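Several structures are given next for inspection.
Both complexes shown next keep subunit A, but they swap its partner, so subunit B is in the first and subunit C is in the second.
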Partner chain A sequence: MSNRALDEQVLSALGIKEEPGEPLGLFFWICVGWVGLNVFGAIFANLLPLPNPLIGNFNAVNVGPGIHHLFGTDDLGRDIFSRVVYGSRVSITVGIGAILIGFGIGAPLGMLAAYRRGRFDAILTTVMYVLLAFPAIIATIAVLSFWTPRSLFKIIVVIGIASIPLVYRVIRTATLSVATKDYVIAAKVQGATDRRILMRELLPNIAPIAVSFFLIGVATVITLEGALAFLGLSVNPPTPSWGNMINEARTVLTQNVWLAFFPSLALCLFLIALNFIGDRIRSHFDVTEVKL
Partner chain B sequence: MSDEKLLVVKDLTTTFATAGGELTAVAHVSFDLDRNETLGIVGESGSGKTVLSRTIMGLQPRVNTTVTGSSIIDGFEVVGSSENEKRTIWGTEVAMVFQDPMTSLNPVMRIGKQIDEALRVRLGMNRKDAKARAIELLELVGIPSPVQRYHAYPGQLSGGMRQRVVIAIALACSPKLLMADEPTTGLDVTIQAQILNLLDELKERLKMSVILVTHDLGVVATRTSRIAVMYAGRIVETGTTRDVFHHHRMPYTRALLESSPKVSNKSHTRLVTIPGRPPNLLNLSPGCSFAPRCKYATDQCHLVRPELQPSIEPGHTFACWNPLPVNSEATLS
Partner chain C sequence: MLRYLTKRLMLLVGIVFVISVGSFYLIHLLPGNPATVILGFGATPEAKAILYKQLGLSKPIYLQYFVWLGNILHGNLGISFISQTKVSSVIRSALPIDAEIIIISQIMAFAAAIPTAMRSARKPDGIIDRVLGATSFTLLSIPPYILIVVLVLFVSIKLGVSATGPSAYVSFGTDWITNLESLSLPAVTLATVSYVVYYRVLRSDLIATLQEEFITMARSKGLSQRRIMWRHAFRPSSVALLGAASVNIGGLLAAGFVVQYLLQIPGLGYTLILAINESDFLVVQGIVLTVSVLVVAINFFFDFIVNIVDPRISRE
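Let's turn to the complex of A and B:
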């Protein structure tokens, strides 16, 4: 009998069960590949053999998809494929940057509030819910209309701040459900400090929810950036972003439908992939006793 | 120092401010505990056993809770101490074994690490010593091949194994007092006996005192030296295990004893139950809380609350206006 078979026999005799964890599935990896490809394109856009996204070729205006221009060209003769790839830079940077701000501030506050409870929690939660009641899109539109000239940095900061209450609410709720578990009390009566309990007991247990919300948050922010760009409140043209490409395409929709189609498709597929990954991660790492 | 009582609880009262008003979960409880002694706290659900055991070690919710009285563990006054102060006795003086081993272990941390934690943080051991000690502890609580199990996650262990790990964690810093809050309720019967025997054995070996909180009289019968019976947040009878089982005076104790099923009964014997329901703690009568369910209750019982009074045996007290006669053997086998 091989060692491994013997090991397994010993394990089962000792009542040791197989590791849980349901398979992530092929579609999950396709989504990961897609997101990876987009991120790769965004990072290395200027190293890839792409036409300049800002300079048009007036001999080829409003060309449909073809050999020379994969996705066709716009009304200024700029290559749409190149603009979609470059456009992902803005969308992905804003998406990740803003959510990092949201998590950087919202997550520690949410954990602390759920762990400490009492007055600290009551005041903070009230403030966050008041902020949450105010539509984020209106707030960001208002701030970005006045805070000019607009830059990528300002957009990230404004959306980032707007996302704090959302992150706070999710992390606080997730922590609440863990903080009352016996193992947290058990750690406490072993003399663990608050910091240790937050970092070692609570954080690893809310990590799956946090990671999945992070990805879904990135998707939400990208949508928000798209909406702002559509209203002309994101980065200034001619810098492409998926949102402002759709906005520009609006005026020539009857002449060249591809101009709106490709950035929309890119946005849509990227968001679907992100949401699916987030969802799978949550259910894959969800260590509930039911499954054991 | 060693002659001194390990635990002295005096007039301990825990009150929760709830939406429905003040709820007194533990009322004026006093008792003490010698070194290397096992005390059983018995009562039905909602009688305040768990709140009592948690209040003794100072583990009550931070909000909406008022604790008065005194609980002194080895010279340390728990009531009124801050969490930072209590942290100095948690783990090293008093430790706790929880009811449900399914929820009292962190599911995402290897069990070895969970034992290590306390050793490294509280006792300042280095990584290597802590690991060696953790494996020793796993062996002590009877976990086979502890070196391999050290790396296991809680999800890979069965319920009984997990409870052994929980006990190992509790013992990590060699506490003088071990609180076991229904340590076997989440386990099946054969494992229950194993865990209780283990606790018993460890108590002797490590010279600890144990407080065993349970609703199961079978659990306390052979393993405790004294028993306190709780009802509606109060101790209604206390004495040596023998006295409580055989010379009890309080009708509630008898009712509790009578309602445990006996193996010697013929099959299909109807289980004796206590009529009525436990009292609503928000709305207690001025009299004896058990009076509405007691067949011996008189007007006095409903109006005036009886205090604990001594019975004839030393150390045996009960709270009842119409106690059972002194030599009343319960209808027990």
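Let's turn to the complex of A and C:
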């Protein structure tokens, strides 16, 4: 047995726990800054001095990156930098909106099921298990292809509903691990109401894992929206989104590499930042890893 | 074991039921009369009669479901009103392509994930583990639709490797070498997506397994590192790997859709997107139903295998 494992065993036998979590580190804050910058750009895109993302300049078609066009222009002469900034709006709105729906419904149900247990929990968990078996992306493609005309609102609703079972499962597992702790039992014995126990005892203790999963969930939804946009099932052009920009670049790959490159880069960097922040928060608060 | 399997089988039936109701109801999400939307305004009365019979449209909605289900159970998924071919034969010609891509990709993913995860687990936090960890974390954030664009840009456009670009697909029967070439980029993309998952799952499970007492026992018997890794650590950890593979299969099919769409490979995904764009709704419905049932069946099958590898699970 390694020294480290032995140390841990001795410490836990003595009831001493090491200070949990690793430090957040510099890269964590760089990622937070990057996400903040993207969100800022998405919110204030029309106040920023950017060229109109929808109107092209036919004298400058497929221009490479330069002073006049930071990221170059696309095949219709539209400024790619401006389109990438405006495109972040769709991705971020869908990402946050859908996960808010997922958390709004899935999280309270998950907490309640883990706290109450019994038949309520058994039935709900089976239902969620059944829904989880349905591959989310295929269900989303199916519903969006029939539920026409497509709009941002419908996309958010469909992905949001599809995310409920996953949120439910993560929150339920997290709540289960704290619901049997001594302080919860102590609160119960003292006659605290269910509402108080749920809000004051359980919620703060599952908050780190919820926040961490929220961020990773946003990243997952943005990936999914990108896939839908790539297949032409998200918001209609000319409204830019990272996914449909990559889709438009598909046909002109040989003429203009930059059109595919910049939205891809923007998307990947944003996803890496979100995933990293989520991952770091989880390990910082040293929550036992929930298997997804 | 038997009780466990019966329980799982009942769950499977429940899931398939939900899927069938969902797929059935899709048609009714369409705005307006399904027959008009599916066939268009210029449809002949004969075509309408066939569709009414297929979908039972003149009956109340819950009876429509049973009419539809009865047809499905007889293998009748309807007729595509664009190409005038049976939906079932459309699916039968597209499905093997998906299967081929996925099988090749899985062989590559396992071949890469098992040795690298073992290497990482042997010295957690060592240099190799850190490099692999950072690489897999980055790859985790790169969606398949970006990966395939990058691969096409480099391999088929920049390096000019033949038969890897868009619409290069030929069937396996015609020319199997060109066939494999045309499927190589999709397979690499799916393999990368799966590799990341398998590597991470197997690494953390192996690290946990290596702390077990039977490993210490094997070490003290003086067994070789290789034998301990493969014989004593990998076998229990392979359960986690199979579980990951099972969960992965739905996402893999979806990633396959995206990849086929870019390269115009006539698998289920490309067929599905074409059908959506042409409003060929019965084809869309048929593919959605087939793929969903397939995913669930594969999950069930993996569950069964996991039970054989590790009988402790069914005894819980």
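Everything that follows uses one rule, which is that the second predicted complex is superposed on the first by the 263 of 292 C-alpha atoms of A that agree within 3 Å, B and C clash if a C-alpha of one lies under 4 Å from a C-alpha of the other, contacts with A are read in each partner's own complex, and residues count from 1 in each chain.
The rule we apply is simple: a contact is a pair of C-beta atoms (placed from the backbone, for glycine too) under 8 Å apart; a residue touches a chain by one contact, two chains touch by 3 or more.
All figures in this text were calculated on a predicted structure; none of them were measured in a lab.
Asker: A:A133 in the overlay: touching subunit B, subunit C, both, or neither? Say first, second, both or neither.
Answerer: Second partner only.
Asker: Return first, second, both or neither, reflecting whether A:R117 touches subunit B, subunit C, both chains, or no partner chain.
Answerer: A:R117 sits against subunit B, while subunit C stays out of touch.
Asker: Counting only touches as set out at the top, which of subunit B and subunit C does A:V189 meet: first, second, both, neither?
Answerer: first
Asker: For A:F146, select first, second, both or neither according to whether it touches subunit B, subunit C, the two together, or no partner.
Answerer: Touch status of A:F146: second partner only.
Asker: Would you sort A:I96 into first (subunit B), second (subunit C), both or neither based on which partner it touches?
Answerer: After superposing on A, A:I96 lies clear of both subunit B and subunit C.
Asker: Quick check for you: in the superposed arrangement, does A:L50 touch first (subunit B), second (subunit C), both or neither?
Answerer: Neither partner.
Asker: For A:G232 in the superposed arrangement: first (subunit B), second (subunit C), both or neither?
Answerer: A:G232 sits against subunit C, while subunit B stays out of touch.
Asker: Of the two partners subunit B and subunit C, indicate the one touching more residues belonging to subunit A.
Answerer: C
Asker: Can you list the residues of subunit A that touch subunit B in one structure and subunit C in the other?
Answerer: Overlap of subunit B and subunit C footprints on subunit A: residues 289.
Asker: Which subunit A residues qualify as touching subunit B in the complex?
Answerer: 10, 14-17, 19-20, 116-118, 181-183, 185-193, 196, 200-201, 204-205, 207, 287, 289, 292
Asker: Would you pull the subunit A residues touching subunit C in the complex into a rising list?
Answerer: Interface residues on the subunit A side: 1, 5, 126, 129-131, 133-139, 141-143, 145-148, 219, 223, 226-227, 230-233, 243, 246, 249-250, 253-254, 257, 260, 264, 267-268, 271-272, 275-276, 279, 289.
Asker: Which of the residues in subunit C end up touching subunit A in this complex?
Answerer: Residues of subunit C touching subunit A: 11, 14-15, 18-19, 22-23, 26-27, 29-31, 137-138, 140-146, 149-150, 152-153, 157, 204, 211, 216, 250-251, 253-254, 257-258, 261-262, 272-273, 276-277, 281, 284-285, 288, 291-292, 295-296, 299.
Asker: Where on subunit B is subunit A touching in the complex?
Answerer: By the definition above, subunit B touches subunit A via 57, 59, 62-63, 87-88, 90-92, 94-96, 98-100, 102-109, 117-118, 121-122, 144-145, 152-153, 155-158, 160-161, 166, 169-170, 172-173.
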